[in-house]
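Both complexes below contain subunit A, partnered by subunit B and then by subunit C.
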Partner chain A sequence: MRRVLPAACLTICLMAALALAAQELQLPATVNAGSGFAIATSGSGSATFYLVGPSYTAKRQVQLGQEIQVRPPEVRSAGRYLAILRSGGASRSGSFYVSAAKPASLSFLAHPSRIPVGQRGGVVGVAFLFDNWHNLVRRPEDVEFRLSTKNAPAAAQSVRTRDGAAWILMNSGTKAGNAQFVAALDGIEEARVIQQVASDPCHLQIRAERSPRGILVQTAPVRDCSGNPVSDGTVVTFTANSPAGLSTVDVPVKKDIAQVELKIPGPATISVASGVVMGNEVKVGGQQ
Partner chain B sequence: MRHALVLALLFVFSASCLAADGPRVQFDISHIGPRQMEEVTGRNIPRDWGRAWQTLAVAFAQNRPDLLGHYFTGFAQQKLTAGIAAQEKSGVRTRYVDHGHKLEAFFYSPDGGALELHDTADLEIQVLDGNNLVHSERVTLRYIGLMTPAADHWEVRVLESVPSF
Partner chain C sequence: MKLAVLLVLATIALLILGFALPVHQATTPGIVSGEALPGVGASANTPEAAVRSLLGDVQARDWNRAYSVLANNNNVPKEAFIRDVGGNYGSLRTFSSLEGSRTRVLNENGDQALVRADMHWSTAVGPIYDVKQLKVVQQGGNWKVEWPLEKQPTVPPQVVPVNYLRWDVISRGPEDDWGTQNVDSPRVRIVSMNAVQHGSTLVIVGEVVNEDTVPAFVDINAILIGKNDQNLDQESSFDKIQHTLLPKQVTPYRIDFPGFNLSQVKNVRMDAKAMLVPASADPVIAVLDQHEQNNVLGRKVLSGNLLNESGRVVNIAQVLATYYDSNGKVIWVSDGYVDRALLPQTPEPFAVDMPDSTVGKVQSYRVTVNHYMRQQS
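Moving on, here comes the complex of A and B:
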């Protein structure tokens, strides 16, 4: 009796498993998006077939014993699909996954849209790969990122995607102007424009001369350390130290230079600065 | 008058469905990169993910694609909208009973503009033909999600179930 009982239990369990397996539809585990396939059926008579996917639901009458054709447009969206075959109150079901087809488009996020030259890791590029039906392509692919400015060598680097995403940090170039930031893969290209502007002023130089109303101070063309003219509006600070005291004037750069007329009749020592950069110092004598 | 009353009742019903607490979402940021997540964002992501799922369930249960715009955008919104249109056309509806999510953030872009997630969802899925239940299952499904920030919350831009992570 002790030996018979476990054997009977095992037999019942096996039969139950076999009966359950018979209720499962034979489906492929994975299908490529937009690729049709056939589902084999057994028996006779008519049945109702349901296909339920992420962006598709259909119901149709089918003949048992004949193959059910799942058409390519029915499986365009990646994700899990349920297939249900219902006949006379009984149903058989199964599920399968649709995975993305080959890459067809890139979603490219570039940041920022404007950046000073010479910024290490300042340009951020993120690319997401999608197939023809906007499914995320999860297979690893190599995306090439290129950053180029006119008359300057381009910087390029290849990055492998993980779960459809590739990202990079690139240095901004040394030349001011519009840079093309491109993400590319197998002939698919997405480009963004990054405006590279001059960085902080460098090597400030001033000259000063006596004028009828005081002292006229003018900078040489203000440039960054790569030689790019700084943007109009960059503030240059002139400081005059005279017997009358210390006076400071902030002047915006206009057409590459900053100038101001200081109403100081006596002798003065004038210095210049912009941000953390100091320029030269000039001594001017008093009015005759 | 009668139509207006029905519409008003429908609105109140759907609004109350969305106002209720969303599904339970456990959020893990221990494998996130390259950017670390700010504390506030770390609180908002599971909240908005849960609300997105809640919206999805109500939208599919009631054939209401107009609800999706609150928490879905881009390709996710397009696909779910198409899904609701297809189920409305076929007369077959999918009902989701949400038993919770284990959400893991693994890619947060350096500029903070995109967040990619792995979600292990415990769902009960019911397929109804008219009012007849033709299929019911409780499953653990894996989803890849891509979220992007909107004005005051995060939106789901990509939502795809996958066989494995």
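Moving on, here comes the complex of A and C:
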């Protein structure tokens, strides 16, 4: 008796499992989004077929013994789908997974839109891969990031996606100008423009001379430490110390230089600054 | 019938009492006795009365009457006097009214006197105090005021070429795709910050720089954190800052916390907000001849001249003065509005106060100018 009882239990369990397996629909484990397929059926008579997906449901009459065609538009959204076949009060069901198709588009986020030259790791790029039906492509793919400026060698690096995204930190170049920041994969390209701008002024120099109305002060071409001219509109502050008192004027750079005529008749010591950068100092004598 | 007769008799009795015992007229609300402007119609039998009469007419904006009581109206054109007192070119004075004044005879000698008038103007940006020393002379038995007309030099007709930069901004639109690049906000940085106790007010002063290559609209907020890490108060720099900063431009800021003491505060949380805005590099305003001096009241002020180097009129100018100690630390920020418009190529004097607490500590200073210009069509 002790030997018969476990064997009987095992047999019952196996039979139950076989019965359940017989009720399962024969479905592929995974299907690419937008790819149709057929489900084999057995028996005869009519049945109702249900398909339930992440953004789609369908119900239709089918003939048992014939294949059920799942059309490509029915499986466009990636995710888990449930298929149910109901006939004469009995149901058979199964599930399958629709994964994203091959990448068809890139969403490319680039930051910042402006950056001073020579910034290490200052340019951030993030690319998200999507298929034709806007499903995130989660399998690993190699995305190439390229940062290039006119008349300068391009910097390029390939990054493998993780869970549909690839990201990179790149250094800004040494030349000011608009840089093309491109993310590319198998002929798909998305480009952004990163404006590489001059950094802080370097070696700020002025010269001053007497003019009929005062003192004409002018900077040498204002450039950053990489030799890029600073952006027009950059404010340069001239300060003149004279017996009459202190005089200051904020002047924007125009075509690389800033200049002003200070209406100071007497002798003056003139200095220059831009932002937190100081320049040289010059002395000018009084009017004759 | 009896009641009606009684009421008529009572009314007649009250009317007779009213005429027999008049009530003395009360002083006008808002005008403190002895210091204000009873002026209008008053006889000018003393130098002080003459000045108060003139200021009363100015307060009433009765320019004809005010002009008629000037001693030097043969030298001062009426239009120039009205411009001088009432403002022109959309200046702050045109948005002002004389609210009150104090007069004091400084010197009286026979038929001449010197009277100081401390005037309190109510303006669109708050009160402005002005002091004038007026010479008063006796003419035909009446005292009359010699108006010290501040003559504005006439700018010769000319063409001033202005080709400074202007920045316009096109931002991302609502119809653009997700992930489409937008234009970043400008990078600004608070380069210094100092907490100062000024009487019963805790004041945060410092400087902020626009490190970017595009113009920025900047606002500074400060939160006072108490001993138990609780928020005590939050204030912004309001108008004590140059809001629009061109690339690499530095502005001072000042944030006042009335009624707070430095000992209550454990920490101050600062926040600089910057927005990308359209801006113009024009006009350039030079600040000339800055020097410390005592004004007529004996108070220390920083004064100088503003010179509008552009070809357009600057309607309202605000001066921001930053005071540094010997270590280059910002110890105070003063501001003051100039109530006259800045005409092209014409110097305009200014003065901003230096609080007593900073006198002796100020090693250097820097003056910047905020400007407001009426839109041109």
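Brief remarks on what is shown
The rule is simple: the second predicted complex is superposed on the first by the 266 of 288 C-alpha atoms of A that agree within 3 Å, B and C clash if a C-alpha of one lies under 4 Å from a C-alpha of the other, contacts with A are read in each partner's own complex, and residues count from 1 in each chain.
The working rule: a residue touches a chain if its C-beta (ideal position, glycine included) is under 8 Å from a C-beta of that chain, and two chains touch if they have at least 3 such contacts.
Just so it is clear, the model here is predicted, and its values are computed rather than measured.
In the superposition on chain A, A:79 makes contact with subunit B only, while subunit C stays out of contact range.
In the superposition on chain A, A:135 contacts subunit B only, with no contact to subunit C.
With both structures placed on the common chain, the touch criterion links A:113 to subunit C but leaves subunit B unconnected. Contacts of A:30 after superposition: subunit B is touched, whereas subunit C is not reached. Legend: residue contacts after superposition of the two complexes on their common chain; A:254 is shown touching subunit C, with no touch to subunit B.
Applying the stated contact rule after C-alpha superposition, one finds that A:276 touches subunit C and leaves subunit B untouched. Residue contacts after overlaying the shared chain place A:54 against subunit B, while subunit C stays out of touching range. Once the two complexes are laid over each other on the shared chain, residue contacts for A:220 go to neither subunit B nor subunit C. Under the contact criterion defined above, the residues of subunit A that touch both subunit B in one complex and subunit C in the other are 109, 111-112, 128. Partner subunit A is touched in their complex by these residues of subunit B: 34, 75, 78-80, 82-83, 86-87, 89-92, 94, 106-107, 109-111, 113-114, 116, 125, 127, 129, 134-135, 137, 141, 144, 146, 158-163.
Subunit A contributes residues 29-30, 48, 50, 52-59, 77-80, 82, 84, 86, 91, 93, 97, 99, 109, 111-112, 124, 126, 128, 130, 134-136, 138, 162-165, 167, 169 to its touches with subunit B in the complex. On subunit C, the positions that touch subunit A within their shared complex are 163-165, 167, 178-179, 181-184, 191, 209-215, 246-250, 281, 284-291, 304, 307, 309, 347, 365-368.
Those residues of subunit A lying in contact with subunit C across their complex are 107-114, 128, 192-193, 197-198, 200-201, 230-237, 244-252, 254, 260, 262-264, 274-276.
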